[in-house]
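In the two complexes that follow, chain A is the common piece, with chain B as its partner first and chain C second.
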Partner chain A sequence: MPQASQSARPERQGYVLLAPALIVYLLFAVYPMIDVIRMSFSSWNGLSPEARFVGLANYRAIVTQDPVFWGALRNTIWWTALAVILPNLISFGLALALNQNIPGKSSLRVVFYLPVIIASIAVATIWKWMYDPFFGLFNNLLMQMGLDGWILDWLGDRKVALWSVFVAHVWQSVGFSMVLFLAGLQGVSATLVEAARIDGAGRWGVFRYVTLPALKPTMMVVFVLSLINSLKAFDIVYGMTGGGPAQSTQMLAMWAYTQSMQLGVFGRGAAVSVVLLLITLVIVLPYIRWMFRREEMAR
Partner chain B sequence: MTMTKRWKTALSALAVSAGMAAGTAQAGEVKIWTLTFDNNSANIAWDKTIKEFEAANPGITVTREGRSVDEHKAALRVAAQSSQGPDIYFMWAGLGLGGEFVKAGLSKPLDAYYTQYDWDKRIVGTAGSFSKLYPGGRHGVPYTFHGEAIYYNKALFQKAGITELPKSYDELKAVAAKLKEAGITPMTFGGTVNWHLMRLMDVILEAKCGAEKHDQLMDMKLDWGTEACATASFEELADWSQNYILKPFMGIDNSQSFNLFLANRAAMMVEGDWLVGQLSDAKKIDNFDLFPVPTGTDRLYGFAEYLYVSSKSANPDDAAKFLDYLLSDKVQQENLGAFGSISVNSNVKYANISALDQKWLDIFGKYTKIYVNGDQAFPLDVTTEYWRVINEVASGNLKGAEAGKTLQTFISNRG
Partner chain C sequence: MASVDISGVKKSYGAVAVMHGVDVAIGDGEFVILVGPSGCGKSTLLRMVAGLETVTGGQIAIDGRRVNELEPKDRDIAMVFQNYALYPQMTVAQNMGFALELAGRSKAEIKAEVDKAAEILSLTALLDRKPGQLSGGQRQRVAMGRAIVRHPKVFLFDEPLSNLDAKLRVKMRAEIKALHQRLKSTIIYVTHDQIEAMTMADKIVVMNAGRVEQIGTPLELYDNPANLFVATFMGSPAMNILPAVTQAGAVLVAGVATLPIVVSVPPGTKIAYGIRPDEITIDPESPVKAEVVVVEPTGSETHITARLAGHEITLISKARVALAPGDQIGLSFSPNKHHLFDDATGRRLEASGGMAA
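Then we have the complex of A and B:
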């Protein structure tokens, strides 16, 4: 057998092995994405046989006429900004604490990770009950402590509703980032730490000049994953408030779903989805570039 | 057999079997899509009725698929684009939810079947009246019919010294004020499910605008922004929210609201005839009574759930035959209480029923006209905005005059 065909064979095998996954990806990810973009230029109620091309009308409508869109965009940005900072700071603190040799650290790791494996809709139900204004845990605790003035309609008052949902999100999500940070901490070179100590670095010095730089790739991964998940925020908000009161906790992903699947305004729902997609791409593309560069440098 | 031939044979067999599986409804097959009913006795009654119908009509097979509300709506939209949909489908009556499907041409006009089976002779008039709402013929038959009224706590009314039930909207407000004076919260609602609080707005509109204007507002033929009664209604809603509704209410749902009502935390609740069963289950039926919302228009607040025959049905005659059986005196009498507390069949006899059920029968007998819930009257997108505006007013974030204008802006922007 000629040598050239022998060397080409593994490549071909690679493509054959890749093909099923690629077909599934093209069919169930790329095609729907393209179809959503096409739909965003159409008017369709899901019932009539054909969608009507309307150009940019859906985009004009969501930007100028939709009373909920801007609120949903604001909430999504607010949520994303907080979600990449607060839960990750807590996760990082937990990871640092649970990376020490403290008694019961394995059990504590499980305890903090447990909410991650609970379905979001179940988390929503649990917290919804705790927030119940009449029978819920929080208001009853406040009453027992004599803090009646602090009692709130946690999910019914637009001033606090989104914060209330966000707290539930923090509870659910810190465990995931904590595990990533723990994995990163395990990878910090013990030799470097030891060398830094021999050179006279104190706890803060080791942390500042050895641990933190070594955790940079982990931090980047945690940051980007939190960002993407926050932009997609849907289930916990849907389960706890359904976007209410008066659409004040509405998010872009949920509004796209509501427009399409509940109101049957598929074109506008698709336009909202495309806006969300664009925002996500603007944020994620630099990350993908960074990943490629890192891989190239590693080679 | 060569490899290619084997492939061809296998593919042909696959294509044939796929075609058989995915083909349109077979002759004599009736597919019904309904909700998965929370009340399990309804599911049992459906299964029993189907079995009996099939036994009496050899050659006709009836299958029923139940889904949750949102899944059902989504499945019907998907089915609208294919020939795989149902022959009969469940949907609410009215120009909103049901009307959307009728408007899209997915419901078959049933005028011929109404004549053939003489359905009007046995269908309760108000329940059947929805079938005449649509242009181009009569659509659907009633599956259930519900009225909504004010349930009240007898002991709390007595404690507040209320001896006479209100006969007008002003008297209702006076009752609310009297209850408040006695330290009793007059009304309870759950705000998270938007349609619950909407009921209050619906009845206020009926009282403040009168039947004709209310209908015109719901048909979007009158301007919500300039119509004085619409502004007055939103202001009334704000007044109720600030003074007479158990707080906080925006963060609770209808079932939590019901539990508070059961626990004597509020004196009144706007609910449907189905609440009788819930009060009975809670073994507190004797503590409560009800009266129609006194709007002064002689119309009952209510809605109907319908069964429509799909315009894509391959077997509309069999579908109509099944509906005729479902509406028959026998089936409706045997399953009384399973489909709904009140039958849509006027020949059904009621015996050994509770005082509250009897009261509902009297109410259904008395009223000949109805006005429907806002979410049954408006198209879906307007309903969503109507809810948002109501919630904003109830939360004190929007003034009455602004509320009407906000809703009208949305309606006008629809084009």
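Then we have the complex of A and C:
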């Protein structure tokens, strides 16, 4: 049995219990983050023992000499802007519908959540097959419906490839936000709804003055989570198009990876990563501050 | 203000009937309290009046108009909930004015009504606060203010004081009663606390298992309970009930005495003999002996639980007593203060004659 003196120091016990997670976090998250910043100021091919300090040369290179960077940035911004709105609106609608007393709602909840538990790379493979210009589901359906004119090379056409991937992303991510919204809806006070009904609010009034305000924290969480998820979009694009055709589906996270791991220009890859990190921080820091404020207010 | 007529109201959930034909007539400006143990149907009845629950059978009419099929907002009622149900994102003023705003009243009108209600409830200094910044008692007052500004035909209160601490509850009790006297409004008020019912109501409706047990003024219920349920539910500590048997021209109370009471049941019938704790006194001369079990001083009086012929009874002593568990005491029962009930039906038996024990 441990001595009384040991259990008398709860703060020390706390640190001991935290230590393993902290070590892993420092080693695999904080150290690489710092190292990537250092690397973004260096020139390194990934193999040579020496990396050369080059100052801001990598940053200069990606913004002035790298046409793909700007395309990737544009794609990332579009993707993120749409990904925080479109799938979440669908999720919200689904959550509202599945929060009603409709038959089969439990099974439907599972159905809509199912894509979330599938690995992104598997989702990419499934959709790649469905998009296949010759054997894929979509083109065959269009053909059977006599809509031959609509047939496209969904992932091979530069104009539509990004949005074809985006549709797969929507399918995969809708369930996650839906579950968060459902949890939020279940937290809406039934008495408050009744009070509003007695006060004279109709369905819209109850939604506007009771449901929406109660869902504000949930919306914030959903917004930030999908923001972070979209900014780092990588796996589904990697699995479906690999950034092609002609870099038309290239994203910042994947471009950083491609530069470093495939082209061996680690400095530039790191610089792209740092740009992405800065964008993420600018967006996420206010959220973290907001969370702390809420926590303090709850205390 | 208006009358409320509840006639033959029934409620079932699927095949399960929870209310079996309730009749209550509530006059204009009356303060009526529905009281009973949890699950007796009092809250369900209130919610049916509010329109938050459907009515399975019977009719509810407000001011002579059948409201069974009307939405809550069309019934001209206001309700105060146990957990206050204030809109957290709105200020006190917005909470109070919300119903008027939905009704499309002008800003100036709303402000005038809210200011007037805030004045009555001493909320003026808090009008710009959010509910989260208020204490329980203040929130309760805001909830009442929200009801007052609408000048509804009927006020409905659903256990409004249950979430408050004991001291505040006593204060709010007096405030609500004063409010009723000031507004002369029709109020239906639900509580499980019989003291709240006794102290505030013009008329009490005692409910049990989806039925009305008795309707009357607080003192009518206290002095003439219609049955065993009402007798033991109203009054604190509860009325003592002892088994008894009728004899020719008398009642034999086990362990107490044979009392010269004439009742309208054949000799040999088992009945229940009830007497309130303040009608039993300690009397060293009395041949009726009991053993003290618990002594609870409350300051102004002392509650004593004693075992009498195998039954626990409670008595209230106004005088300070030096008693300990295990002590033997003599007990004297006030004559003519008993209540007799049919053992089988629980119904009150009218009796004549007195006793001296």
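We take it that the second predicted complex is superposed on the first by the 291 of 299 C-alpha atoms of A that agree within 3 Å, B and C clash if a C-alpha of one lies under 4 Å from a C-alpha of the other, contacts with A are read in each partner's own complex, and residues count from 1 in each chain.
As a working rule, a residue touches a chain if its C-beta (ideal position, glycine included) is under 8 Å from a C-beta of that chain, and two chains touch if they have at least 3 such contacts.
Computed from a prediction, not measured in an experiment: that's the story for all the values here.
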item: Partners on chain A (chain B, chain C) - clash or fit; value: fit
item: First, second, both or neither for A:145, with chain B first and chain C second; value: neither
item: Contact breadth on chain A, by residue count: chain C or chain B; value: B
item: Partner chain in contact with A:191 - chain B first, chain C second, else both or neither; value: second
item: Contacts of A:47 with chain B and chain C, given as first, second, both or neither; value: first
item: Which superposed partner A:199 touches (first chain B, second chain C, both, neither); value: second
item: A:210 touches, of chain B and chain C: first, second, both or neither?; value: second
item: CA minimum distance (chain B, chain C), superposed complexes, angstrom; value: 52
item: Chain C-contacting residues of chain A that also contact chain B; value: none
item: Complex contacts: residues of chain A adjacent to chain B; value: 45-49, 61, 65, 67-68, 131-134, 152-158, 161, 241-242, 244-247, 258, 261-265
item: Touching residues (chain side chain A, partner chain C) in the complex; value: 189, 191-192, 194-202, 205, 209-210, 213-214, 216
item: Chain A-facing residues of chain C, complex; value: 50-52, 71-73, 77-79, 81-83, 85-89, 98-99, 102-103, 146
item: In the complex with chain A, residue positions of chain B that touch it; value: 70, 73-74, 77-78, 80-81, 100-101, 104, 106, 191-192, 194, 247-252, 256, 260, 265, 380-381, 384-385, 387-389, 391-392, 395, 397, 406, 410, 413
